[in-house]
Structures are given as C-alpha cells and as structure tokens.
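Chains: A, B, C and D, in written order; residue numbering restarts at 1 for each.
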Amino acid sequence: MKKLINSPDDVVADALVGIAAAHPQLRVDHEHRIVYRGDTPRQNKVGLVSGGGSGHEPLHGGFVGAGMLDAACAGEVFTSPTPDQMQEATKVVDGGAGVLHIIKNYTGDVMNFEMAAEMAAEESGVTVETVVTNDDVAVQDSLYTAGRRGVGITVFVEKIAGAAAEQGMDLATVAALARRVNESGRSMGVALTSCTVPAAGKPTFELPEDEMEIGVGIHGEPGRHRVPLASASEIAQQLVEPILADLDFTGDTIVMLNGMGGSPLLELYLMYGEVKNLLDRAGVTVARSLVGNYITSLEMAGCSVTLLRADDELLTLWDAPVNTPGLRWGV
Amino acid sequence: MKKLINSPDDVVADALVGIAAAHPQLRVDHEHRIVYRGDTPRQNKVGLVSGGGSGHEPLHGGFVGAGMLDAACAGEVFTSPTPDQMQEATKVVDGGAGVLHIIKNYTGDVMNFEMAAEMAAEESGVTVETVVTNDDVAVQDSLYTAGRRGVGITVFVEKIAGAAAEQGMDLATVAALARRVNESGRSMGVALTSCTVPAAGKPTFELPEDEMEIGVGIHGEPGRHRVPLASASEIAQQLVEPILADLDFTGDTIVMLNGMGGSPLLELYLMYGEVKNLLDRAGVTVARSLVGNYITSLEMAGCSVTLLRADDELLTLWDAPVNTPGLRWGV
Amino acid sequence: MVAEAQGATLGQLRVWIDSFHTLVAEQKAYLTELDSAIGDADHGINMSRGMNAVAAKLDVSSPSTIGELFKTVGMTLVSTVGGASGPLYGTFFLRIGTSAGDVEELDGSGLGTALQAALDGVLARGKAQVGDKTMIDALTSAVEAFRGAVQGGSSIADAASQAQDAAERGRDSTTPLTARKGRASYLGERSIGHLDPGAVSTALLFTALAKALA
Amino acid sequence: MVAEAQGATLGQLRVWIDSFHTLVAEQKAYLTELDSAIGDADHGINMSRGMNAVAAKLDVSSPSTIGELFKTVGMTLVSTVGGASGPLYGTFFLRIGTSAGDVEELDGSGLGTALQAALDGVLARGKAQVGDKTMIDALTSAVEAFRGAVQGGSSIADAASQAQDAAERGRDSTTPLTARKGRASYLGERSIGHLDPGAVSTALLFTALAKALA
C-alpha cells in the first residue's frame, strides 16, 4: 500500500486538518469531523447537510460553501458517518428554515442519517427533510436488493438544491427539487483497477491486468460484469447504453464524466469525447458538462458517467453562483 | 497498461476532441493541436502561449481562458510540441501587443520554442518574449546539467502573467513579471509509483513496494534519492526542507500542494496539513494556497510542493479573475 | 450460589461486553476478510473500532445499573462505528438498556424480554427478515432459543449456551442464501456460498454471552 | 561508373533516408529502451514517428533537387517529432539542404561541407560539446572522419564507410561519460555506464549513409 498518510487510523482526522488549512473560508469541527461553511447558520436559509464515508473527495467536504452545502460529515474511509455527527451538523446549520439531509443510498448511510433525523427532531426540534440518491443503473432496483446505490447524481443534487436554498426557497421546495434531480438522473461506472482502503491495507478486489469491472460501485462494490479490457469507445458504449435504456434522455441534459481518482485527466477528456459522440448520435442534447474528479473512489482507475434531464429551472439553478473548493463559478 | 484510451497513437488527438466538447468557450485547432481562448486574439492584449508534452493536465490546455493563457500547444505525451504548432499559435493570438512564450526548462521544449520564435519573427514579424521556468530544486543548477526543470511554478507564472496581460500591461512588463515569479518560486516532488507513457506501454521506472523517489520529475525523471517509503509528515519534511534551504521564504507566500495524478485528494489534503505545519514552524506565511491536481504526471501517485514569494503586486494579480477549466474564480 | 444461577448480574453482563470486545479483536481480520468477499471489507474494522471505544468508555464511566451499562454501550457504538453495523448493534444494546431499566440484575425471563426488544429494534432499523442473509438470521435464532430455553425451565446459563448454538446455526444458515439486504445484495446470486459477516459477529456476541453467564 | 564513384546522387541520398527510416523502425524498441535508462523512454518512438512522417511525405512529394530533399526531410522532422531530437535532427537535415542547394549530385567534398554545416547547426541549436554524452559525440567523429577521408583521397563510398566506423566509435565513447546536456544530465553520475540513445540513432544514420553510397 503506497499512500501519503501517517497511519491508517488517522487518515480522516489528518486530512481534515489539511482541509481546514487550505480553506480558511470553511470551518472544520475536528471533534465531530464536520466541514462547515464559514458563515453558517444563515437565517431563514434552508440548511443543507450531507456526508458519507471519506475517500470520495471532493464529495462531500469539497462541496461545502455558498450555493451548495452548509455542512458535510466525514465518516471513516468508505464508512458512513455516525448519527451524532449528523445531528450536530443539523443543529448547527439550522437557521430556522429547517434542514435537508442529502444521503447516498447505502444501508449504513440511510440508517445513520435516519437515527440522526430522529435525534434532531427529538432534542432540538429542527425540521429535517431527507433525499436519498439512488442513480446507479448497475444495480437492479428491486425488493431483493438494498436498492440502487447513490453515486454521481449526488453532486448534481447538492449543486441544484444548494442553489435553491441560497435563493431562499423553503424546505419543502428544496427537498422536492432535490428529489426531482435524483429521479431525473442515472449513472454507470467502470473500474480498471481496485482501490485500497487504508485500514485494510490491500486492494478491495483483484482485477487481472486484462479485465475491467463494468458497473463498479464507488466503494469497489462489484458491478454488472467483469469483461476484457476494451477501448475507450467500447467502454463509453458500455456505460452510456444502460443509462439510456433506463430513462429517456432526449432533451436537454447535464452530463458528468467523473474520474474515480486514479485516471489522468487526459484520459477523462478522451472518454468524454467518446461519450459526447454517443450522446449526439442518440439525440441527447448536452446543455452543460463537467469533466474531472468529483466523486471518487480513492485511487481507483476508471470513470463514471452521470446524465441528468434538465429543464430550464434546473439549468438556471445549475448556472447559479457556487463557491466551494470543488466547484466554483459566478463568484 | 490499464488506460481509458483507444490506441496509444491517438491519445492526444482523442483527448483534444473531448476538451473541445467539454469546453465550448474554448476553440481547438485539431490539426495543429492547439487549445485557444474562444475570443483570441484580443486587440492590444499581450498574447500568452504555453505548451509542452501532454500528460500533465490540466497544464497547459486547462489553463486557457480569460485571465490566463490565450493558447496551449499540446505535444505528444511527455514530448514537447513542435515549432510549427507554437508558431501557428503565436500568429493566431497576437493582437498587436506581442506574445509571451511560457516554457518549462527541458531541452526539447526550449529548442522547439526557440525555433518557433525564430520562425515567428521571420515570417510574421510578431514580437516574442520568452520565459523559461526552472523551479525544481531536486536538480542541481549548474553548467553540468540542462539546468533545473520547470515544474509547479509554471502554473503560477501562467496565472500571474495572464492576469497582467488581461489588465493591459505591455509585453516587457508581462515578461518581467513572469520572470520574477519564476525566480521567486521553488518546487520539489515525490513519486510513490511510476507513470506509464501510453506509447511505451509499461511503467517508466520501477519502484519497489516499499520505496519512493524523492525529487522526481514530472516525466518520471529520477530525483535526488530513492528512499524507504515514509509517513506523510516525513515526506513533507523531505519536500519542504530543500525548498526552504534554496530560497528565503519568510514573508508572504503562495503555496501549492500538487497531486501527480494518481493520489486521491484525501491524501493531498492530508499532505497539505503536514506542509502547512512545517511552514508555520519555519515562519513562512501562507497568504494563498492551492491543493489538487494542477501539473500532473499521468497516473503517478505522489505530490509536489511549490512555494512562491509573493508581494502585494503578485497577490493582487493572483486574486484577479480567472476563467479556465482548471482554475476559476472571480467570474 | 442460587442468586447467580437464577439471574444475570451487572458484573456478568459487563463481562459479556468485555469478552465480546476480546472476541471481536481476535476475529477482526477474519470478519473483514468475510466482508471483503461480499461487502466492502470493513466489518472487522468497524466492530473493533466500536468495541475499543466501548472498552475505553466503560473504563472511565462505571455504569451502576444494567440499563446504564447497555445505554452506554449502545450510544458508544452508534457514535463510533458508522456503516450498517453501527446503528444495528447500537440499537441492539440501546434496546436492551431501555428494556432492562435501572436494575442490577436480570432474571432469565427479564433478559429474554430485553433480547427480544433488542431484536425487534434491529428488525425495525434494518427492515431485514430472516433469510435475507444478515445478522438477523443469527440473532433471531439465538433470541428464540434463549427465550424458549428459559420458558422450558433451563437455567440462564443453559439458555445462553443454547442461544450460542442457535446463533451458530443461524450464522451457518447464511452461507447458501442470496443476500437481500445490505451491501451484499448488490451481488445477487454471487453472494451465495459465503457466510454473512454480520451473522458471524452476532454468533461471537452469543459466544461471549454464554461465557459470561456460564 | 566513374560518375557514381565520385559523387552522391539525389537517388542515393534518397536511399540514405529510406534506409535510415528502415533502421529506425527496426531499432525503435531498442532506442526507447536505451532512453528509458537515462531519459524518458521515447527516443525510438520520437524518431520513428518522425521518419514515418518523412517517408509518407516523400511518397507524395518527389523532391527534384538535393536541397529540396533535405529541406523536406528536415521540416518534416521539425514539425512531427518534438522533444530534443526533433529540432536537432531537423536542423541537421535542413542545414544539409541549405548547404547543398539546387543540385542533383554532390561530390565528396560537397557532401563533406554539407555535413559540416549540419554539425555546426546541431551544435548551435543544442549547445552541447563533444564529451557531453549526446548525439554530438557520434556526429562529430563521423563528420570529421568523412571529411578527412575525402581530403585524403578516399572515394565517397569509402569515406562514408569510415564515417560509419567513426560514428560507432563516437557512439561507444558515450558509455563511460557523465551526461551534461539533455534529460540524462539530471542523473549526474548515475548516467555513467549507459549508451546515449541519440548517439546510437546517429550511428544508425551513418550506417544508412554508408549503405546508400556503397
């Protein structure tokens, strides 16, 4: 395991020290492992709290700031944070307009946030709404699974709900928008290599030199199939086709070509070229795009594609100013 | 070799297709492999042209845009572009105020840009000034070497000279500023793993599981020494000490903790925490900071530290608006 | 020694926690290994982080009632584990604490009631059923065996020992199942043939109980 | 056959380029391997990209003079190779072209003058000296040998063959040297014990010349 760390147990705590040092406009609660917007709570603005296991940076801490999240709770690597972290964040960011919890659909995350919402309602009377993202088409969504995993769409939910909250919309409206974004988005990923959880000390899975995992999860969960390594254009097809088969994306879309953390930006642009080409041919109109590392899986080589159907309202909220370490424009 | 590519020979051309698709505000000349600002040439603005081998993204193409570069010439992976590319870019971006070439100090880059400047002066009469960056303290600067390599400071030169040009300063002033930034900056990097040049198909160097290369170059060039893998805090020391030993950095500085491409952002933040701690103890004042992948070496795991002595003039130019794929604020 | 044979004392239940801590520490790598086959390779890491925190907590606070003991254990797990096992094991112990209340001893039926409350809590939290290939499979069979034994007149020690056996049977029953809850469910039929890590840690929990009450 | 023995024709010089192309293609992996030891593992890739482009270019444009031939070769290398070798080899051929001018044949002394001009151009471009462990080491000794042989009355074929030998000696002389120019100079003393890749490709260039003029 080759990592820039001190000890596997201290990775998250040490990284938070660096985040605090690098971004004086943010406030970091090291005890609870929460990254806050420096000016939170804002009176009468809906507070946005997200969080999850660490190792997906910039998600979520890198999306804290004006126009996006008020707080992000950092769990251990790939392990959801605990209810008391989320409860604390919920109390702190509430400016009287209630708080939206943005949760990726994983059993642990859902249960921990659920307990947090119960505790927050009980102890401090903060009204909490919840959106659970579940956009990963690699997973069958059925009674027989924990449901689809929340992946790339989470970035879009945080951006768009963040803009809505910044504009003063109320909790119900912000939550409804967040749910609409989730329902209008789909993702699919691929891994060329595994990631290595520091505490585990070895790769999460073995992937032979000539194979790749189509449909991989952001924690290295297995995907739909393990197949021979293919060209970028074939990989693009294997990512885009299941997405287009799952939801109708004719009309305006926002597209993200996301790196898993270990693939060079050069390759991500190359992949985006292939994806864009397929979308053009399928009659999908790309209104906005993002190419880069936004929701990662430590040092995994690979990428994912996220598509969001976007009407004028969503595009306007997408274009609204945002000032976070990971996403910034208009300010 | 596990890469998201079609064929090793097409990597750069294919990636440029993706860059063009992802950034409609840029203009890509696919024949000459040049990324342009959409609104270049701008009358009476000094044109900024940079370029170099590909594989260091976002440098240079990701730094094209308002407040930074007018054009970036993309060479093959790790191979400097050719004079005719640079000559073409020079002609296109000249708005009558002359053109600054920003070159990293590598024999190939220097010679190719030199030929380009000769050709540009001969054929089109464009006045060209040149700054050659050489900030890598890992290399001994002497008559017996090709001189120090240009690395992280190049990002700062492009940002600050870009802001100066945007504000209407003349060629001599912009060039002098660019040289001052270069002379006021120092860098040092470390590799935990090698990178793999697509056309070569195998890692550039072998690095045993328990070793790292201190002072590595951005093309995988060997550094000062190969030593046992150490903790983040020890690595930070091995990067910061040679920098501080080379130039006095007491006073305001701009600091970059740059990822080599394959290290997760989580680790880069962790490293930044360690670096910041050392700088605090050494009496170095961090006025601004950047943490992330800015000048990479394909999928190499590792990082580099760049320090720049910054007075009020440089800080003001640093803070000036910039709108590029890789660096954006104030707009 | 009639009193000891009839009930579980605060001290014995504290021993339960301590020996669960020890077993988790011993089996940390094994639990993680199991989780790497059908999950995300952290169950041992999660449980041992939590039980280390519990041990540290109990070292400084000395709960004087059974209710307090288990609420401390539950809260500590909830606030240090995260993941799926944090809320599940946390809820388990919190519910035992609430059910037991401010007492220093629980008889067999009282402990049975507390265990049932704990199981119900875990079922409500995780919404899994028996057969979904989760810790519920081991937990349900252990709690049923314990309560059945107590009702049938067994001593609390015997009941705990039967619960251990039942937990191990429940644990082993997960191997041929297809996971329908938690991360392993993403694997669908590829989860067949593997033990569920949470069921394995739950079996350790009842091994520890049997030991503590023996 | 007196004419052929005295001068190098346009056709022969075209063969020089073609057989250099062939040799570079054959030795591509070896040149890259050498560059991976003390450089950045691309010299073979660079040279073969360039010579492929030259071959493609010459296929469509048929230069009718020696000056045109070498200017085409030089410009193509300059505009397709990049790196250090692009400007260096590019300058080399451009200077031959300029020195030769609009002729269809060069005698030994004319070719010698052209080679010297080429060497001077490469020296000016790269600012290396003999002993810096670069292509200059092979090039200088080859050009000196060629000119010396012509002056001493050798046929152009003999002179080329002596130049090949000298290039190979110059190439081999790079092994014990410490690099002082180019990427290898970053290695300092660690560059000792390796052949310089550019000196090796330069030796191929003179192998090709000797073949073409034989």
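We take it that contacts are C-beta pairs under 8 Å (C-beta built on N, C-alpha and C of every residue); 3 or more make two chains touch, one makes a residue touch a chain.
Predicted model, so just to flag it, every value in this text is computed and none were measured.
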Hop distance check: subunit C to subunit D, minimum number of steps through touching chains? 3
Once the contact rule is applied, which chains count as partners of both subunit A and subunit C? none
Centroid of subunit B to centroid of subunit D, CA atoms only: how many Å? 33
Between subunit A and subunit D, what distance separates the C-alpha centroids? Give it in angstrom. 55
Could you put a whole-Å number on the gap between the CA centroids of subunit A and subunit B? 29
Numbers and ranges of subunit B residues touching at least 2 other chains: none
Specify the contact topology among the chains shown, as one of line, ring, star, complete or other. line
Identify every two-chain combination in which the chains touch. A-B, A-C, B-D
Would you tell me which residues of subunit C are touching subunit A in their complex? 32, 36, 40-42, 45-46, 49, 78-88, 90, 125-126, 178, 180-183, 185-188, 190
Which bits of subunit B are touching subunit A when the two form their complex? 2-7, 11-12, 14-22, 54-55, 57-58, 62, 77, 192-193, 209, 212, 229, 231-233, 235, 257, 261-274, 276-277, 286, 289, 291, 293, 296, 298-299, 301-303, 325, 328-331
Under the touch definition given earlier, write down the residues of subunit B that touch subunit D in their complex. 53, 75-76, 78-85, 106-108, 111-112, 114-115, 139-140, 143-146, 149, 197, 199-200, 204-205, 217, 219-222
